[in-house]
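Here it is: the structure, laid out below.
Chains: A, B, C, D and E, in written order; residue numbering restarts at 1 for each.
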Amino acid sequence: MMRDLHALLTPRHALGPLEIRRENLAFVTLPASNLRGFLTELRDTQGFSHLVLLTAVDWLEEGQFQLTYMMNNRARDLTLGVRVMLDRTTAQMDSIHDLWPTAATYQRELKEMFGITFPGSPRLDEEFILEGWTDLPPYRRDFDSLAYSQQTYAERPGRVTHDPREYMKSKLYPGG
Amino acid sequence: MSSFHWVQIPYALLTLFIVLNYGLIMTAVVQKIAARVGGRHGIPFWQNYIDLVKNFAQRSKITHGVMFYLGPVFRLAGGVGLLLFVPTIYGSTWAQNFSFAGDLVLALYFVFFGTLGMALGAGESGHPHAAIGVSRGLAQVTMAELPLALAVYAIAVQYHTLNITEIVAAQQGGLFHWTLFTNPLATVAAMFAFVGTMMRPPFDVVLAPQEIPIGPPTEYHSAYLALMQTNRAIFPVAKTVIYMNLFFGGASSWGEFAIKVFALYMVSAFIGVVHPRFRVEQSIRFFMKWGVPVGVLAILMV
Amino acid sequence: MSLREVLTPFSVWKRVLDAPVSIADPFSREASEHYRGFHKNDMETCIGCGTCEAICQNGAIDMVPVEGQNTEKGDSGLRPMIDYGRCCWCALCVDICMTGSLTMSNEYTWVDSDPDAFRFIPGLNEPWKDKQAGYKRENGRVLSGTTRSPMGELHANERIDNFNEICVGYTREEAILEADRCVECGLCVATCPAHMSIPDYIAAVRDQDYDRGLQLLYETNPFSEVCGRICTHKCETSCAAVHEGDAIAIRWLKRHIVDNVPLERRVELIGAPKPATGKSVAIIGAGPGGLTAAYDLAREGVKVTVYEALPKPGGMMRYGIPEYRLPYDALDRDIAVIEAMGVTIKCATVVGVDVQMEDLRQSHDAVILAIGLQMGRGTRIPGSEGAGVERAVDLLRRITAGDPTVPVPETAVVIGGGNVAFDIARSMARLQKIKYGRVGLTLTALEDRAHFLADKEELVEGDEEGVLILDSRGPQEVMRDPSGQVTGLRTWAVTSIFDAEGRFAPAYDESDEQIHQGALVIEAIGQMADTSLLGDALTEKLEWNRGRIKIDSEMRTSEPWLFAAGDAVKGPDVINAVADGHRAARTVMEAIAQGEVVQ
Amino acid sequence: MKDIDETFRKIDATVPLREELRPRTVTTPDGQEITIEPLKDYFCEAAPKVHPKAYFQIVENFYNWARSNSLWILGFGTGCGAIEMRPLMTPRFDAYRYGVQWRPTPRQANLLIISGYLSVKTLKRAIRAYEQMQGPKYVIGLGSCTINGGMYWDSYNTIKRLDDYLPVDLYIAGCMPRPEALLHGFIELKKLIRAGKAEGTNRYAENFASYKAAQKSVIKDWDMPDYNW
Amino acid sequence: MFSFQPDRSEYPQPGLDGKLEIDLETGKYLKLWHGPNHPGITGNMSVELTVCGDEVVEGKTHVGYLHRGFEKLMERRTFIQVFPIVCRVCVPEPDFNEYCYAAAVEELAGIEVPELATWMRTLILEMGRFNSYMMFLGGIGGALGLGITGQWMTYVRDLMLDRFEELTGARIYHMFILPGGVRGHLPEGFAARMEEVLQTAETYLADVDKVMFANSVFQLRTKGIGVIEPALFEPYGVTGPNARAGGVAKDVRKDSPYLVYDQLDFEVATGMDSDIFTRAKVRRADIQTSIDLIRQILKKMPKDGPVMAKLPNVLHWKIPRGETYIKGECSRGEYGYYLVTDGSGYPRRINVRGPSYTHAMALLEHLIPGTNISDVAALMVSLHTYPPEIER
C-alpha cells in the first residue's frame, strides 16, 4: 500500500526513496519547498488527515536539522514519516499552522528548543516551556545539559568515588 | 422581656460561649460524618480548636488596608450580632439574649451584615479571585435570601408578630404546632434559603476551591482567618437557631437545641456531600424557579 | 429532573454506616514482598566491581573504601555508597550486580532534616540490613550475558593422532559476543601479573578496532600470541562475571586480537624503538622473562643480546609446552616482533661453556639472568632411579626437538596433576596413538579432581583424549620385573595431602593399593633451575633463598650488575615471567640511568 | 559519578537575549517613563522580619503544640510527588486524622511541600508561594530530587539543592516516597515543631540576602503577574 | 427568565493573525490565572484567562513548570539508562512510556519479546489505564465540587496500586517493562486478589453512577458545555476518549492493534454529544472495558514461560541507525514514542507524543473563549490532560 502511494506521489513531489520500517510505518524525505503541497495532497486526497507529531532531529555533524512530520491515515492504519532536511545555520521552514492549527504548538516548541523558525506561525516568539532562558536552544546537540547544570545549579559537595582498577593499582601494585 | 437588665450581658456572653464551643465541635462532627461517606475517619472532633489556636498563634500577618482588616471583624460582628438578638432557648431565663419585639427584622439584617462586611474586606484584598468570589457571593446570597424573606413575611402574617420569641411561643405545644406543619410551604421556601446560604454544594461556588480558590477569604490568614473561623462556628449555628425558632418550634432546653441545630445543619451536609455545585447563575435560576414561587405561594396560602 | 433523579444521589449515603477503610496504622505498614525499597549489600559477596556505579544513570553511586574490606585479587575493597539524594530506585544496579550481593529491602521510610545524611553504604549498619523481603532480580541476570561464547575446538578424534592446535580461535561474531559480556570493571587487571589493560583491549574487540587492541597488548606484553593461547589466565578467576556465570574468555579475546593483525602490521603499529642510548645489556635465557626484558630494553634504545643454550629461542614456551597447545609458528611470530625491535638472540650458546659469566659482565652494562626451570624433580620413590623412568620436562624438550630416541611404549604412567603432567601425558598419548593406534596412558595425582593444579580444560580434554586420570593416588614404588624393565606404578589412595600446620605431608590409605600398568613412568611433579652456569665463584658470592637466587622486589640480586627474572626466581608460568621481565627491564633502566651499575 | 566532565563548554554569553528579557522603557499609568531590566527588576528585595517567639516559653510550647497538630498544606503540586498527596487526602491514608489539611491558598497554609524536582519556572512560583505564607511556616522536601537533584541531576532546567533556595525543615527520601513515608514525615515534622526546632521562617529572614542571591543566580526572568502563585 | 448571556458583540474580535487585542486599562477585562498553584488545574500548569464578567474571552495555556528536559536527558543516557527515566514523563499513567520506549528499542534493535511478556505488558497497561481513569473520575467530580467521587476513586486506585506494588515492586513508577520483556512473573494468587479489587471497584463505580452521572446537578453543569465539534478532531489532533465522545471511534487498540489486543474481545465505547458529560461517560464505559480486559487477560494469558528476551550486555548496547514511531492507546488518547538512533550507544533523539500536547494547548485554547469561569476547571479536566507529557 505504502509503495503504491509512494509511486503515485513521487513524480509530483520529488520524493526520496521510501524507507519501510514495518508494514504500517514508512519514512520518506522530500525537499522543503515541496512539503506543503505534499502534505496537502496527503491530507485531502490520501486520507492522511491526522498530524501525529512534528519534531526535529539535530544532525549536528552533518550540519542539518531533520524535521519529521508524522502523518497518519487512520482508516488504512498507515503512518508516514515525512522528513525534511534543513540547513542548520538558517533553520527556517514554512509554517503549516493553517493546515493543522495544532501545528502552531509544535512550531512554537521547535522555535524555543531548537531555534528553528516558522515565519507566520502564531505566538511563535512567546515563551512556551522555558522562562528567562538565555542560553542556546537546549535541544540542540551542541548544548551540553550536564555542563549547564553544573555551572548553574549548586550540587551537594562531599562526594568522592574511586575507580576499582585505579584503586586496586594504588593498593596492590603502586609501582606498576 | 423587653426591658434591659445588665445581667443580660454576662448571660449573653455565656450563651455565646456555649454556642461557640457547640459550633466548633458540631462542624467537626459533621465533617467527620461526611468523611464517613467517603470511607474516611476525618478530622478529630477537637481539630477546630487546634486550628483556631494555631491561626491565632501565627506570628506574622499582613494587611491590605483598613477594610481588609475590618472584613473579618464585620463578619464576626455579623455572627455574634445575629446570635445576640436571637433568643436561643425558649423559656430560659438567661439564654434569651437581647431578643426584642422587632428582632426578626434585625436578625435578617445581621444575616446579611457579615456578608457585606466580608465583601468590603475581601474586595480590598486585591486578589481577583476574592473579587469574583464577592460578586458571586452577593448575587447568590441575595437570591437565596429571597425565599427566606418571603417565608418570613408569610409567617409574620401567620403569627402577626415580628418577635422571634413570640413566634416560638406560638409553636409550643407539640410537634404539629411547628411552622413546619402549620405552614409547610413557608418552611420549604425557607429551607431553600437555608441550604442556599450554608456554603455547601450545590450552592458553594462562592468558595469553590476548584473554580476560584477559595473566593473571598483567599487572602485572609493568621488571626484574620482565626476570627473568621470563630465566626464560622457561631454564624451557622445562629442562623440555624433562627430557622429552628421560626419553623421547627425552637428549643426549650440546651439538649433540644443541640439536637435540632445538628439535625437542621445536617440537612445541608446531607445534600452537599452528594452533589456537585451549581454555577452562580444556575443557582440563581434555581431559586427563581423553585424557591421564590414556593415563597410566594406560602404568602398566598396564608 | 425527575424525582427519581433528585433522590438517586442520596442513596450513596448508605456508605456512612460502613466502617472507614483507612489503614489503621500506616506507619508500620509493610511494603509488598518484592518492593524496591532501600538497598542492602552483602559485604562479603560484593567484590567492589563498580558495575552498579556504571549503570546508574543518576550518578547516585560512589565506590568508596570500607573499613574491614581489604583490597585483594578479585575484590577491589571498594563498596558502593548510595546517595539517596539521587537514587530513583530503578534497581538497575541490582539487576546488573555481578555477584548478586546488592539487593533491596522493602523498607521505604527515611526522613531526616539533614540533607547530607542521605548517603550510606549498604551492608554496614542500616536498620533494614537483615530484612528478608524486598526486590531481588528474578531468575538470574538479565542485563549482561552469563554464558561464554564457546571456543571452537578440534574434536578428540581429530586431534589425538597429531600435534595440530586444538583451539581454532574465535570468529569475529563470537569474539564480539564474548567481548560484549565484559562490564569493564577492571578487577582482572590487578590479578594479571603483567597488569595488562584487559578491559581496554576487550573494548577494542567490541569496537572491532584491532589496531588499538594490539597496541594495548604490546604496552604490557610482547607475548600475546603465546599468552593468548596458554596463559594460566588467573585474570579469569577474578573476573566479575565468574560469580554468576562464566568468566569472560579474556585469553581467547587476546588471541583473537593478534589473530586479526598480521605480523608486518604489528611492527608498524608498535612503532620504532627509541634512539640508541649506547648502553648494552646481556640476557641469559630466551624464555618469556628474558625476551620480555629484552623487548622492553630494546624499546628504550638499549642494545640487547640474548644468550640461549638451546638451538631455538622461546625456552619453556617452545620446549615445555606441546605444539598442540602452542604451535611453534605462533611463538615465532611473537619472537619475530621482539627481534624486529633490534634484539639479538644468540642461540645454542651455553653460558659457562661458550661464553663466560665474567665476560658478559665486562662487555655489558648489566646482565639479566632469566634461565627458567629446566630440570625436572624426581619422586625419589623406590625404583625411580634408572631406565624406564623419565622426567616430564626432559621428555617434552626431546619431543620438541624431534629426538627419535624418545621412548614411546604402549602403556605409560604419569605421576603428577599439574599442567606439565598433562602436557606430557597428552603428548605421549598422541605419540602412542600415532605409533600403536591407541592410547595407553594413566595419570595419577595426589589431589582429588576438584583440586587439580592443572587447568580445568586440561582435565576435560585429557578425558576426551582417552587419558586415564586417577585422582588421589600417592606413588609408592615403580614396579620393575626381574630384568629391571619397568612394569608399572604402585600407588596408595591419598587421605590428605597437608598436615594440620599446612605442611606438605601426604597421608595414605594403605589398604587401597593399586598397580598401574606401564612400561614407562614419567615424573611430572615439579622443576628446578640449573644454576651451574653461574660458576662456583659467583654461586658463592650470591645470596640464596631456599635454593633460589635471592632477589628483591625489583629483581636485583645481591650483585649490583646482575638481575634475575623468570621462573628461576618466581613461579612457573609465562605471564609471571613476562611481568618479571618488565620489572627487571625497568630496574635495569633505572639502574643504568643512575649509573648504579659499576663495572 | 564517572560521568562528570570537567572540561565542559562555558555558558555562551553571546546568545542574543529574547525580546522580553531585554531592558526597555515603559510609561507608567501616571505618565512617568521608567527603564525596566527584566532580568533584574522584578523580584522583591524587602527582607521579611524576624519574628520572635512568644515571651513565655510555656506559651510558645503551647503554640508549638497547636501548630504541630494543625498542619495546613499548600495544595501546590510542584512535581511528580503531588500524585501521592491524593491518597493522603483520601480514605486509604486519611492524613486528616493526624491534623493535616490542605489549603488552596498560600496565605492560609503553613506547610509547603515541595513535591519533587523544581524546574526554574516552578521554583519562581514556589518562592512566591512561600513568601506569601505566614510564619511560622515549614517546608518539606519530598523525594530525592529535592536533596541532591535526584534523577534530574544533569538537567538544565531543574535545581539540585532545595535548601539553597528555601529553608527546608525535613527531607523525605524516595522516588517517589510512599504516602506512608510522607505521613512519617509529618510525624517527624511535628516532633521538630514541638521541640521548637522548626524555625525555618526566621532562618529565611535572617539569611534573606544569601537565599535571594541563590534564587537570583538561577531565576533570570522574575516577571510574573502580581497575583499568580 | 433572565438572560445571563452577555452581549458578545462588545468583545474584542481577533485580528487577522488570530491575536486578540485586549486593553486591560479599560477595566472591562480582568486577567485571571488558573494555576499553576490552583486546585482547579490538572497538575502543575496554568491557564491565563482574560475574563469579561463571568465569561472568558481568551485563554492561553502556559506549561513548562514541570519541564525537566527529558528528551535532552535521554540523549545522554544509554539505552538501558533511559528506561528508568521514561516513566517519569507521565506520572499518573507511567507504564505507557515504558511500553512505547521498550517497543521502539526492540523494533530498532531487532529483539523478539517472549509471548508471556506481551501479555504481562497488556495487563500492566490496562491496569494503568484503569488507574488513570480513576484519577479522572475523581478529578471531574472534584472540579465540580463533588469531592466524594474523588475519595472513592482514589481509594480504588490505591487498591489497584497495591496490585501494582506486588507485581512490579513499586507504587507509582513501576519500571517494570524493560526493553526485551518485563521484569518478573505474576505473583502467586495474583488473579484472585485482582478479582477482589475489580469487584470492589465495581461497587464503587455503581455508586459513582448514582451520585454523579445520575445527578441532575452534575448533568446541568456538564451537558452541552465544552462541546468539541467533530470537525475539529483532525485539525486539532484530537484522539482517544475526547474523539470517541464525538462519535469517532478512534482507538489505537482497534485501529492498529498492538501487543495482544487482537486476541482480546472488547468494544470501543463512543458517545455522540462531545460535551463534558459525554466525555466523562465514555471514560466511565472505558473503565468497564478495562476491567473486562484485565479479567480476560488473566484468564487467557499463558501460565508460564520466559518474560525476558536475551539482551546484549546493556552497558555497551548499541543500536544501528534508524528511526521508528511506536504508538498505543493510553487513557487520554494516542501516545507515541518517536525514536531516532544513530548507531551509537545513545539514542539520537526521542520525542514523546502525548495526547495532552494537542488537547491542552491548541484545543483548550480554542475551546475556552465563551465559557464561564466556573466551567474552565471542568472543561480542562474533561479533556483529561496531564501537563508533564506536554513539556516533558
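One rule holds for everything that comes next: contacts are C-beta pairs under 8 Å (C-beta built on N, C-alpha and C of every residue); 3 or more make two chains touch, one makes a residue touch a chain.
As the structure is a prediction and not an experimental result, all values here were calculated from the model.
Participant: What's the overlap between the neighbours of chain B and those of chain E?
Facilitator: The shared contacts of chain B and chain E, listed by label, come to C, D.
Participant: Out of A-E and A-C, which chain pair has the most contact pairs?
Facilitator: Answer to which pair has more contacts is A-E.
Participant: Indicate, using Cα centroids, the chain positioned nearest the centre of all protein chains shown.
Facilitator: The chain sitting closest to the overall C-alpha centre is E.
Participant: Take the average of all CA coordinates in chain A, do the same for chain D, and state the distance between these two points in whole angstrom.
Facilitator: Measuring from centre to centre gives 34 Å for this pair.
Participant: Please tell me the distance, in whole Å, between the geometric centres of chain B and chain C computed from their C-alpha atoms.
Facilitator: 89
Participant: Could you tell me the distance, in whole angstrom, between the mean C-alpha positions of chain C and chain E?
Facilitator: Chain C and chain E have C-alpha centres separated by 56 Å.
Participant: Do you know which chain B residues sit against two or more other chains?
Facilitator: Within chain B, the residues that touch at least two other chains are 35, 37-41, 128-129, 209, 213, 273-275.
Participant: Mark out which residues of chain D touch at least two other chains, giving numbers and ranges.
Facilitator: Residues 1-4, 75, 90-94, 97, 104, 121, 147-149, 151, 153-158, 161, 175, 178, 227 of chain D touch two or more partner chains.
Participant: If you look at chain C, which of its residues touch at least two other chains?
Facilitator: Residues 9, 12, 15, 20-22, 31, 53-54, 57, 61-62, 83, 85, 88-89, 115 of chain C each touch two or more of the other chains.
Participant: Would you please name all pairs of chains that touch?
Facilitator: Contacting pairs: A-C, A-D, A-E, B-C, B-D, B-E, C-D, C-E, D-E.
Participant: Note which residues of chain B are touching chain E in the complex, please.
Facilitator: On the chain B side, the touching residues are 37-40, 128-129, 131-132, 136, 201-202, 204-205, 208-213, 273-282, 284-285, 288-289.
Participant: Under the stated contact criterion, what part of chain B meets chain C in this complex?
Facilitator: 33, 35-41, 270, 273-275
Participant: Which residues, counting only chain A, touch chain E once they are in their complex?
Facilitator: That would be residues 21-22, 24-25, 27, 49-53, 55, 57-58, 68, 70, 74, 77, 79, 81, 99-102, 104-105, 122-123, 127-131, 138-139, 141, 143, 145-146 of chain A.
Participant: Per the contact definition, I'd like the list of chain E residues that touch chain C in the complex.
Facilitator: By the definition above, chain E touches chain C via 77-78, 80-85, 148, 155, 162, 165-166, 168-170, 173, 175, 178, 180-181, 183-185, 187, 207, 210-211, 214-216, 307-308, 310-316.
Participant: Okay, in this complex, where on chain C does chain D touch?
Facilitator: 20-23, 26-27, 29, 31, 53-54, 57-59, 61-62, 83-89, 108-113, 115, 118
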